[in-house]
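Letters are used for the chains, namely A, B and C, taken in the order the chains are written, and counting of residues starts over at 1 for each.
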Amino acid sequence: MKTLVWAEIVKLMKQSKTYYALGAVFLIECLIFITAYYQGSAILDVLLDSLKQSFYFEGTLLNGNLILYIVLNGLWFNVPLIIMIITSGILTDEYKDGTIQTTLLQAVDKGSFIGAKYVVAIGFTLFVIAFMMVSSGILAYTIFGKGDLVVYLQTLNFFPAADAFQRIGWAFASGAVAMLFYSVVSMTLAVWIKEAAKTWIASALFLIITNLLLKLDLGIAIANHFFFPKLMDTWQAFFYHEIDWGLVWLNNTILLGYGVCLIGLGVWTFRKQDIG
Amino acid sequence: MLLGEKLSKTYSSGNVLDNVTVQIVPGQIYGLLGRNGAGKSTLFKILCGLIKPDTGTVSVQAARAKSIGAIIEKPGLYPYLNAADNLRIFAGIQGLSQDKGHMTQHLMKVGLPIDRKDPVRNFSMGMKQRLGIAIALLNDPEYLVLDEPFNGLDPIGVASLIQLIQQLAFTDRIGILLSSHLMVELTKCCHYLYVIDEGKMVNAGFTHQLIQDHIQRFSIAADNIAAAQAIQAYQPVIGMNDVKITCPASQITTVLQQLMAEGIRITACTPELTLEQLIKQPRA
Amino acid sequence: MKIIWMMALLLLTHVGMAQEVDADLMKIKKRLDAVQRFTATVVLDLDVPFIRMPTKTAQMHYEKGKQTRFSSDDFVMLPKRGLDFSFDELFKYPFITVDRGMETRSGQSLKVVHVIPSDNRAELALATLYLDIINQRIMQSEINTRKEGSYTLSMHYAKPSDILPNRVEATFAVERLKIPFNFMGKDTQIDRQQLKSTDKKTGAIKIQIKDYKF
């Protein structure tokens, strides 16, 4: 398995589309930064308007933490799309180039082959999230500085700078779990569909439907808890005044569980499939 | 021995293979003749384990980690990597050495340039075939299965590839099964021929025997042959540089002797065997 | 308008008692006037519906006759009213007083005095002061401003001799929060009824003042 994972990493690094994807993520970040800056100013004006009668303010809330929070809100739809394209391509490209046949004609176990692809898909996803976190953090704090974060979630919550920094870090970590889920979904779709373009369409559709279902209230509390779209925005929990760690761990564990089941299903399907 | 016994496979489109048996022995070259869509590729995929047959078994007597190397339909290569990197990837995943020396050795074995660094998407079809064979030969398989290896090659490329295949069989003792619809090429290099049509094995036998049993026409190149008496009884068709006669293999020796007795200087005598003849006439 | 009628009523009913400024208040004012400048650390705790803000610290720089300055490394929300411990604003313009008698609050007997600025330029319309005449200081005040609503201040002192408080609690009316919907945490459930029901509520800010330097 190690040699297969190594080979996948080499292939990923040698393809120009990997770098296009990272560039696209960075570009999206920058665009969201620009809109976040203007959006942030407008938001703060409205939010603080009702407080201006009784208070005046020292310091600024339009800082790196607020920008990062707005960026976080915007990233979780755009970035999965790019991740899903790259991760599904890890398999669909092999079908297109015929290399899947060539590889399985070598002394290589089928299960290990597809397992290595899942491992690299997961690794790539985590790398992208880390890249996003570091690059957006550097940009945000360098340009806008540190400061208190204000978020409206049931109440208007003010978080001191150090606390906000930690919460944002945790939010990225929790969001990474959601991205891992999408990544595994796209790989599993690639196992079933095999063709690149069809897999992208299916992946995009899955992403859109998940985002729509996120807003759907199923009425039954336990269904809301276990229905996977509801778990995708667990990162928001870090911006309530009191963090419900139990809920965070539960949601992410369930989501990881779904991911593991999908990996199992993908590996099982691939092993059963004829090649070619 | 590599044995595929009573193999059948059906898809939704129909019966692709029907009770087919093939046997490959190390050091011998086997040919599989058949029209497009006859079931050659499906048979190869079953032999290589890429597809499971509906019925029948495949057994391989081989002590090596990789018993069969193959190219099926076309060589699957990473277009964005160069030849050496392609080899490295496929060697690496099997835990083989990837050092420069070994890669050079593999490239030289199949006649590929060792200093070419551009990605394989720039390679000609012949070079891709050679690289595909180099990859198929990684990990020293005992058997080699090549599906239409002459596709896209010019006559020089074909001749060169045949030479390589023969070397692999005779020197390295690899059992080779290759398919093609190019009769002449297969009859030149194969010890044994299988003929498949519409998923069924319709003919099989040693090459020389099949030729002997089925050959009905010969092409003879010689000076002034058009006027020769010896050929008049064999429905001669005068061509640009040769004459084609309808004559069973058992009589060609007599015809040639008669021509020589008439003073005709023969420069070539080529049997003309068509696939249709092999398909229509079942094995004896 | 209501405030103007109240003032008129008070003037009419207590015109006899409003001939001069209350002597006890003048003593307290004299004590407060003696404070020319100071710096202090203020620790602010906000208690407003729908707002959760952590305890904040700022440095306060007071100089008589000048705008009080605040500095902080953090973002701080400073109440517009409630940090005027020397009551500069109240005593800035000429005023008249009305003695409203004694009242017991928190077990303490306090003299209640209405203060009415007689200059239209004054931002305050009416102030009700609760005076500790034994220690000569203001314990509580209810301030009605002309344009910026009303608020109350409760002062607590470390020592009987202190003229500047170590704790102040200011309560005031808070307008309904305006929340831009596109800023909500994603998919937050907005309890509109609850939000609407808190149309106008009372908020409070608790201020600790320490490390006075004169």
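The working rule: contacts are C-beta pairs under 8 Å (C-beta built on N, C-alpha and C of every residue); 3 or more make two chains touch, one makes a residue touch a chain.
Computed from a prediction, not measured in an experiment: that's the story for all the values here.
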On a CA-centroid basis, which chain has its centre farthest from chain C's? B
Mean of the CA atoms for each chain, then the mean for all of them together: which chain is nearest? A
Result of counting contacting C-beta pairs for A-C and A-B, higher pair: A-C
Once you find the CA centre of chain B and the CA centre of chain C, what distance in Å lies between them? 101
Whole-Å gap between the CA centroids of chain A and chain B: 51
Whole-Å distance, C-alpha centre of chain A to that of chain C, is 50
Contacts with two or more other chains occur in chain A at residues none
Chain A-touching residues of chain C, taken from the complex the two chains share: 50-54, 58, 70-81, 148-149, 172-180, 182-188, 191, 203
Chain A touches which residues of chain B in the complex? 41, 45, 48-52, 65-66, 68-81, 85, 89-90, 92-95, 132, 135-136, 138-139
Along chain A, where are the residues that touch chain B in the complex? 3-4, 6-7, 10-11, 14-16, 94, 97-108, 274-276
Listed in rising order, the residues of chain A that touch chain C in the complex are 39, 42-43, 46-47, 49-51, 53-61, 73, 147-148, 151-161, 163, 214-215, 233, 236, 239, 241
